[in-house]
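Each chain carries a letter (A, B, C, D and E) given by its place in the written order, and its residues are counted from 1.
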């Protein structure tokens, strides 16, 4: 049993200073910590490769892959692959998100729109990206539009789903406040429902962006001659595992990078939430 | 829109495809002969890459390209299902497929009975496998065909997941050079040629330009024949292959016979029989009729001197 | 202005809510509603505000311009993503003077210095004061108040009661005030309805318009009425049980 | 301006009876309404096909596709395709969801786990399904495990993302209640955080199931000889648009069907929410 | 039992929270805390409960078994996915008699018949009563109550105050009670602290343990103390401004 003195908790005011900027410190520390596991994975992969556990023609060593990447960087092809894919993902993401917001708001708020549209969307949602490819080529040819629209399709569904769920989960109490002020439906959606659904929406766009990246490969099957998805498929077709792994790494890096941007937006936008993380 | 334009006599634009499995298309693209030649008529040239016969056919079907390079059998299957295309030129007679194994105990096609074989359904290696089996009196029911993409099939073979693999170049050349895979069965005649196809509509509207494109291909073919080493280097650079692999691949291409004709008809018809037996094409397909409609040597006959 | 006949709204097969309400509220009257917890006071305000359409009976709640009543809910219901200032201005149409007016109300409810706080950083009473300011600033012709001062200390409460009265002097707003504080009802209201039971029914009506406002808190007159009301409430409870 | 009598709103009690079971009625009506647009689409597609707007070798008429489906149903192959794919999706869904719940709970609740793991997960999240195929064959061969795990990977990410967001968005006030009762971290997670995060979690599994269906094609590229994804790829490789469209339709139907099950679960599980839809 | 020295917890650069608190609570004492809205009462309870660790100064809040205080928050904080019954039993360890005990408390706070309602279907007062039951049922040795009866009508309030006293008679729970109702503080507490200012500081202490419990509501003795407290509160406000 604890002695009497031990029951006292004491905190001197100097300690407080340490607590002043814990967020910044934590964040820096956090990003370092995040590198530990990837580093361990990379190093063991390298060691295993050097020891011959993985056959080089199946899974080349990280150093080989990095050499490939820097080779591509040197001859400039890397940048054009990255640039064009980033461009496609970005535009597709914007289009997909915008349409999901519009349609999702309708479906979330108006029962009739939900009854009319939701089933259809849910049905389309599980059609694989590869299935769309021939149809999109047929409808839109093999230019940029078909690629961008296909990525937009991938982005659309998670955003839609999260926005509808967010809207339908909005607290009735807050909506009633808007009704008291005789807000129009549009005002209620814009001023109460969308801000309320913001956390869910942000999760949706983060999820959607991920699916967008995934759809890049299918999109770039439609007559691309550049891009990360093209690089991947070409690597597979020319039996170049280093190119394949390089493109996978690039997908991972760009995906993580673009997601970090959204995560930053999330932290900024949701600072008002009364959660453990936001405690003052 | 990217639809290649039709129009009356002169097309505004001609869209060609290039593919790593068609070395002459790479040559043609590399030297820009088409652009130079057609610019004289004020016709624009656009290049689109085909990653495989199926993509080339999708592009042809959606009028995204005017000329597409495919395997003969692939063009045949598509034609049998109604695709409006014609094979007007042979870009090569490739021996791009063969049966590959790592298992020393498998010495002939007969030994494949009951084994797991990787192949991509519907492609030339698949047809090759079926024909090889048929020759030995076997059918697809006697083996276990595992549907894998070409490169995955190669990996599966190397990691021992499957006993044999109906391979395709350049994967096959690479397996041959870089690992202990060996040929179990090869037969150039069971390959169905590399055919250059044109959309029927384009052929009807612009017959002159079909000939012009064939003439350009001829120029590329001549160059390839005359400069085998440079051609290998070009292929290795364009397709990101090592020089040895590219050389191996080119060695297995015969560029002697550019005009489609009876040999092709025969090869494709025999492939058709197997496909019919395996129900890949409908059992009431009139193979000869489809083949005759598909193979159209008239342009090449005029263009090739 | 505001009138109901045979008004009824029940939940769960008739075991909760209210029923049998008949009353008419005159223009610029302040009506108090007292009753035990759960007797349907908030439900009544929701129906009066037009938020709950599943009532039966007759209801008149639009003013001559067709406007619905304003309302302050029992919980603050602040938008968590808006600051105090933005919450108070939530229902105010944009326009010149909006900022000034908001600042006035912030000062009136004693939130000066907390303009830019988010609801999560407010104390209970501060959140309630923000809600009060949000309800008062839009100046509706009928105002429904659901226990508006329940989370405030005695003095802040009195101060805001006086604020309410002074605004009423200026605007002559009709008000319906649900409260548990009998002194508050006595200080502010012209008439007081007592509800009884679950579902609640009209039990008694107390008319106070003979006592001039501003009234004297703790005056003998009010003390008398208070014991009167306490009796009524007690009786209503006993009858209901 | 409205006349005096018009200012009265009146509702007789008979009207109330109509309102007694609006939910059931609405739901029935809802499901019928959902068929309107698909029907219009199908009919115009049929008409366009008959009129020759779409060429049959590119986009066969719905009737042709239906004929193909019933042909496959007659010879029994349809059922084995559907069955094996359903089986893979189901098992993959369960595995993916379970691991997302475990890992997501850790990451959502413990800052350290978030710092260690989250970046890695976010990086993996944007790797396209096709990129995994060669790696999975390498690691797990071409049997059922690799297919199921690949589907699980697809399911994992949206579920993970939504569960982490759900947990991190939990109201601090409720967590404090658990702390007052000296709940252990595990109890807090199980009794407060997970139920709080339930709406977000359900959105996540609905989203995840959709991605799971999308991953079927890649999964069945790994040496399948049956399944809807196999059917799709086979149809594409053998230039059989009727088979392709049939498999797309089946994906849509099964996807919608499986989602409806989850939606039902959602409605049941979230009946306590104070939302407009749940008003009594 | 419960003791603080130099306790301070401020937000936003020192402009809100509380500071300079010194007091010791004896076992089974009932302490009242009064103060204007926003002066840091809830913050104090959060620190005492061990929920807020960012204080400075010294704090003793564990009982001899090392247990932390129980607490009832200013808002009901019910789990929306649990019924009234489940919410009340939320902190109760599973075991024989759990159900019976829950039902007892449901009856004690007057929620009989609403056992299976979800929070969204409760009135404000009913939600508060559920929270009271949830806090009382676990029988902690120290109980912190943050305006526990603020949403209740006069009679229900009295009833629950008596319930609290009767439980105290049985269990001799140490309690810290934040309230805005001076009568309530006078009726229940042994000592009353008055806080002033923003951030709040200890302003006065009122000792009532000379008046025996149960006390007579509205007795002369209490009325005297009440005016005393009102004076103190008023002074504290004036000094703070």
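The rule is short, and it goes like this: a residue touches a chain if its C-beta (ideal position, glycine included) is under 8 Å from a C-beta of that chain, and two chains touch if they have at least 3 such contacts.
Treat the numbers as computed from the prediction; the structure is a model and nothing was measured.
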**Item:** Least step count from chain B to chain C, where 1 means the two chains touch
**Value:** 2
**Message:** Quick check: which two chains are joined by the most contacting C-beta pairs?
**Reply:** A-D
**Item:** Separation of chain C from chain D, taking each centre as the mean of its C-alpha atoms, in whole Å
**Value:** 46
**Message:** Suppose each chain is reduced to the average of its Cα coordinates; what separation in Å results between chain A and chain B?
**Reply:** 39
**Message:** Distance between chain C and chain E based on Cα centroids, please, to the nearest Å.
**Reply:** 26
**Asked** Out of chain C, which residues touch more than one other chain, so two or more?
**Response** 11-12, 75, 121
**Complete:** By the touch definition above, chain A meets two or more other chains at residues 58, 134, 138, 173, 233, 236, 273-274, 278, 280
**Asked** Could you say which residues in chain B touch two or more other chains, in rising order?
**Response** 61-62, 149, 151, 155, 159
**Pairwise chain contacts under the document criterion** = A-B, A-C, A-D, A-E, B-D, C-D, C-E, D-E
**Message:** Residue numbers of chain E touching chain C in their complex, please.
**Reply:** 11-12, 15, 34-38, 41-43, 74-75, 110, 113-114, 121-126, 129, 146-147, 150-157, 180, 182, 230, 233-234, 237
**Request:** Show which residues of chain D lie in contact with chain E when the two form their complex.
**Result:** 173-174, 176-177, 179-182, 191-192, 195-196, 198, 271-274, 278, 280
**Asked** In the complex formed with chain E, which residues of chain A make contact?
**Response** 1-2, 7-13, 15-16, 19, 280
**Fill in**
Per the touch rule, the chain E residues reaching chain A in their complex are 3, 8, 11-12, 53-62, 64, 66
**Request:** Would you pull the chain B residues touching chain D in the complex into a rising list?
**Result:** 54, 57, 61-62, 74, 77-78, 81-84, 118, 120-123, 144-149, 151-152, 155-156, 159, 161-162, 280-281
